[in-house]
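Each of the next two complexes has subunit A plus one more chain, namely subunit B in the first and subunit C in the second.
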Partner chain A sequence: MTPAEQSLAAAFRGGAGEPAWLADARAGALAAFRAAGLPTTRHEDWRFTSLAALSTLSLAPAPAPDDGEGPARALLAGRAAPEGARLVFENGRFRRELSTGAPLPAGAVLGSLADALRHAPEAVRPHLGRLARVDGLAFTALNGALLEDGAFLLLPPGARVEAPIELVFATGAAGRAVAVHPRVLVVAGEGARATLAEVHLGTGDTYLANSVTELVLGEGAEVEHLRLQDEGPRAFHVSAVFAEQAARSRLTAHGLALGGQLARSEVRARLAGEGAELAVSGLYMADGARTTDAFTWVEHAVPRCTTTETYKGILDGRARGVFAGRIVVQPGAQKTSARQMNSNLLLSDDAIVDTKPQLEIFADDVKCGHGGTVGQLDEAALFYLRSRGVEEAEARSLLIWAFAAEMVDLVRPAGLHARARELVAARLPAGRKVLEAAA
Partner chain B sequence: MAVKDDIMLSIQGLRAKVADREILKGVDLEIRAGEVHAIMGPNGSGKSTLAGVLAGREAYEVTGGTATYLGQDLLALAPEARAAAGVFLGFQYPVEIPGVGNLYFLRTALNAIRRARGEDELDAMDFLALAREKMKLVDLDPAFGSRSVNEGFSGGEKKRNEIFQMAVLEPRLAILDEIDSGLDIDALRVVSRGVNALRRADRAVLLVTHYKRLLEYVAPDRIHVMAGGRIVRSGGPELADELERTGYAWVDGARPEVERAAGAGALS
Partner chain C sequence: MSTAEQLKELTEQKYRYGFVTDIEEDKVPKGLSEDVIRLISAKKGEPRFMLEWRLEAYRRWLGMEEPTWANVHYPKIDYQEIVYYSAPKQKKALGSMDEVDPELKRAFAKLGIPLEEQMRLAGVAVDAVFDSVSVATTYKKKLADLGIVFCSFSEAVREHPELIEKYLGSVVPSTDNYFAALNSAVFSDGSFVYVPKGVRCPMELSTYFRINAKDTGQFERTLIVADEGAYVSYLEGCTAPMRDENQLHAAVVELVALDGAHVKYSTVQNWYPGDAEGRGGIYNFVTKRGKAMRKAKISWTQVETGSAITWKYPSCILQGDESVGEFYSVALTNHRQQADTGTKMIHIGRDTRSTIISKGISAGRGQNTYRGLVKMMKGATGARNYSQCDSLLIGDRCGAHTFPYIEVRNPTAKVEHEATTSKISEDQLFYCRQRGISDEDAVSMIVNGFAKQVLKELPMEFAVEAQKLLGMSLEGSVG
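Right, the complex of A and B next:
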């Protein structure tokens, strides 16, 4: 075992004091992690993303919350008040005093997963770990074995939460490399509706943020799931979103992957009821020697479902970008409509992107298409802008912004949208000017 | 000898290549403030290359000669610095830039130029008022302002958009590369009106065109014929009529003579 694997497995504390089903699930997950080990580039789904830098680390469990020293307060400083509820998790644990409540429809539950496991385990039991399978998925298994806290949202049939729910994960500890494994569980009943945004932040310390999210959509439910990943520069970020959609449900899963020295974002969705619609999208940006990896796996299990997938990447310096998107149309899933597009902008000669859009179709009456592009900034457009007086850095920023804007604008809630604009603009050579000009 | 001060652009022995092909083979040209010059010539003669080199297009490599604009070395300036100094290139093929709003872009450009000149930036309201006024000049629908730069514009709309941008930026030297190509007679009138509105004693215009038609609307002071990467003949407005009668065949057909003419003509 690598030092990382050893130290991660050593953090296992069993399930003392927990219900037997949970303790069993933890033990099973640990066994799955040990069996799989951290993926290497020999693993097909990790071919282009090397975890070599992670594997040599000794990763400690995150320190217990401490009022004076946690990173959350500083990371959240100066931030506008949330539009709706905001749950803050510091090094993986819920921090009530940093969180903000908001009214919920009757019967709805929103809170810490650890609290729910303590006080209402039977509400969690049918769903926790049902979608987030652990076999062969080392990070998900690790999360299943070591999860301590996270968010739990339960929406009874018809419950509609209009204001976005913000989940902030702030990670990092000075002087040691920590690992956190937050878990988010969302169960949206028939016709329920909510917008949920995960915000991942961190300090400049080395850490592993390994989050797992499970989204269960009942018939006709509408869930918008957003991720703003702005981890610290030394962070390893691995997140996996598992979704299952009943008939006529609509899921929007959209993410901006901006930070971390290595960031991997997975979306695994199963369209399990007829007429379900999935829009999965994201923007990934990396510079320096960073790696960013967007992995999606969508299964059309029944007829008449729709997937629209759009990912865009912007890579600079010696950064590496990876997109792997697979859409599987199972036998009998007729009238499937699936479109997949991945576009990449390379801003330097040394940046690399590996893009692998993939359709596997086992039904014959479907409309499916996919495409990928890798390009550079349009020199003709750049000259056009400059010949009008726009400085080179600003002209470049304008063109990059034009490429990225569609993805930024998919973050619809006003406060998060403003934040997303700032985060993306901050990564452009003259982003500030672009924001001012666009204002 | 004329007063040195009113020379706006002085080009001497300018040579440039694209990839490994030499396109400009020693261009000499002098333009004074208040003048409109037209460069005519057959396709491939180097007219558009000259326009691109003057605006700073990076695909062209200058291999010799000089271009002095208002006393400074134009070729040493970045494209945006040339714009700030008052040089404007009207593109033969204006570039479509999806995702960048037309007015948003133009305000960015205008304010970059104003900053470079040490002037205050225009705020959104003042800019909009200016843009509206200038749009009228070229009959551009205000709706074009919110569309992406040139995206989905017809050929005529793109050219009018060029003139609109020129009207807003108010350059001292406008180089218009085949601004008349692909225009119907009404659009040509509109574009010409925009160019004529810019004419002033302290400004100059360099028209690059293949046809005489434009020159019926924008009367030039001087006409130059370009061939084989050089200016082979220069003259007054009457030269356009001669070209109309004889075409450019003589240019290609009598190259040695042309080169002699070039040697003499450049200083005439």
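Right, the complex of A and C next:
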């Protein structure tokens, strides 16, 4: 075992004081983690993303909240007040005093997963770990074995939460490499509706943030799930979203992956009821020697479902961008409509892109297509702007912005949208000017 | 007749070219060992370097594992149950067609390849490989006048050892992959072409392969070298008799296109696909690769309709600046056929260009996978790739899969990949019916239209055969 595997497995504390089902699940997940081990590039799903730098680390469990001042307060400083509820998790644990409540529809539950497990475990039990399967998925297994806290959102049938719910994960501890494993569980009943935004922030320290999100959508439910990942330059970020959609439900899963020395975001969705719709998308940006990896797996299990998938990547410096998307249309899933697109922009000589958009189709009456492109900024467009007196840096920024804007604008809640614009613009050579021009 | 019945009837068509020719054969005992390899090499009277090369490949093969990443499923192959060498017994080298075994000639006639007629009418030189040893090489003189060497591999080893030693394994090293290593160790024969500098080969060169002896894996080795500025178009076509046991075919094809040369390689593959339940049929595990030097062009065209399993990725290493690679493919799977095929375009030189057009057709319970790699290396400044992979599904129990890999290491390189999946629409069929066109003809027409972009790349002789093949397998198969 590598030092990372050893230290991660050593953090296992069993399930003392917990219900037997949870303790059993933890033990099973640990066994699955030990069996799988951290993936190497020999693993097809990790072929282009090396975990070599992570595997040599010795990762400690996050310090208890009373160990003094955590990173959350500093990371949240200067941020606008949230539009709706905001739950803050510091090194994976809920911090009530930093969080903001908001009114909820009758019967709805929003709070810490740890609280729910303590006080109402039976509400969590039918769903926790049901979608986030642990076999062969090392990080998900690890999360299942070591999860302590996270968010739990339960929406009864018809409950609609209009304001976006913000989940802020602030991670990092000075002087030691910690590993945190937050879990988010969302159960949206029939016709329920909510927008949920995960904001992942971190300090400049080395750490592993390994989050798992499970989204259960009942019939006709509508969920918008956003991930804004803006972690520190030494962070290892691995997050996986598992979703299951009943008939006529609609899920929007969108993410901006902007930080971390290694960031991997996975979406694994199963369209299990007729007429379900999924829109999955994301923007990944990396420079320096960073690696960013977007992985999606969408399964059409029944007829008449729709998937639209769009991912864009912008790579600079010696960065590596990886996209792997697979859409599987199972036998009998007729009238499926699926589109998948991945476009990449290479800004430097040493940046690398590896992309594999994949379709696996076992039904004949379907409309499926995919596309992938890799290219650089259009010389002609650049020349045009320069000939109009636009400076080089600004011209380049404008063109990059034009490429990225579609993805930025998919972050719809106003406050987060403004934040997303700033974060992306800050990564452009003349981003400030572009923002002013676009304002 | 309802369309469902037509589908059933037409997709259950029997393989038309199934028969066994009884010819006295010269075999080595089944199984694989260094002794068998020495025996093969001795039987073929090979020079020392060939034997060493084979043994080295064999030793490396022993340490390799059979790949499992392809999207195909088959029972484990027992490599000790295979006969690695079988040659039609012949008393002496043949001087003319008259000396060819009449039984053999009848076999070719049954396949619709009357050798003499083809020579006379089509102007095609046919190097017919029957099982493992070339028995008839024609038009040799005409080619020889131009300095073109077109002969069986064994002959090339004897007559042109310097060319073989220089180019053999230069594109597909003996240790490239499991099946290539196996081929390198035991390959029995194949074809060799050398086109000298600046020479344009005046006719399409063609080899008809035939797998005949029971339990004999066929391990072909083809090497085509086009010297600077030369041009050659090579045709490969296959049919095989019906068999109950699976037969392994692990061929290796190497193309070398030196500066400014152009090599065009076309294949129509129609080996026995197994019966409707998937019993029998050929395992077609082939390594095909070409290397293009400066301003050279390599173009692969394939129509794959046969074999139980196809595992094949004709590839281009675009090493020289401004070299060009092309891949045009139609792959059809019916019954329980499985195909995992595609290409690799490795762009190394500046301003290299590649085009990939792949058309997959799945019917019955067929599984069709496109798997392709486009790799832009660091030095591939200004390189360009366009890939298009379309799938047509006929019936609701088949599968079409698209697995492209794009790896880019140079920002000026442009890569585009597009893929679509569709079925034959009711509207299209209705339109044809309305015009008095039968369902059968309509489907054949639509499928041929779907594949046209690829078929038009085939030389005339093949285009006709390919269209017939597609039509034959799919007429009337309305989902």
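We take it that the second predicted complex is superposed on the first by the 436 of 439 C-alpha atoms of A that agree within 3 Å, B and C clash if a C-alpha of one lies under 4 Å from a C-alpha of the other, contacts with A are read in each partner's own complex, and residues count from 1 in each chain.
The working rule: a contact is a pair of C-beta atoms (placed from the backbone, for glycine too) under 8 Å apart; a residue touches a chain by one contact, two chains touch by 3 or more.
Computed from a predicted structure; not experimentally measured.
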Partner chain in contact with A:E162 - subunit B first, subunit C second, else both or neither: neither
Which partner, subunit B or subunit C, touches more subunit A residues: C
Contacts of A:V353 with subunit B and subunit C, given as first, second, both or neither: second
Touching partner for A:E406 - first (subunit B), second (subunit C), both, neither: first
Partner chain in contact with A:E44 - subunit B first, subunit C second, else both or neither: second
Touched partner set for A:D24, first subunit B, second subunit C, both or neither: neither
Partner chain(s) touched by A:L398 [first = subunit B, second = subunit C, both, neither]: first
A:G389 touches, of subunit B and subunit C: first, second, both or neither? first
Partner chain in contact with A:I361 - subunit B first, subunit C second, else both or neither: second
Residues of subunit A contacting subunit B in one complex and subunit C in the other: none
Complex contacts: residues of subunit A adjacent to subunit C: 44, 48, 331-332, 334, 344, 346-349, 351-376
Residues of subunit C that touch subunit A when the two form their complex: 69, 376, 391, 393-423, 479
Contact footprint of subunit A on subunit B as seen in their complex: 55-59, 78-80, 82-84, 88-89, 91, 94-100, 104-113, 116, 148-149, 165, 169
Residues of subunit A touching subunit B in the complex: 378-381, 383-392, 394-395, 398-399, 401-403, 405-406, 433, 437-438
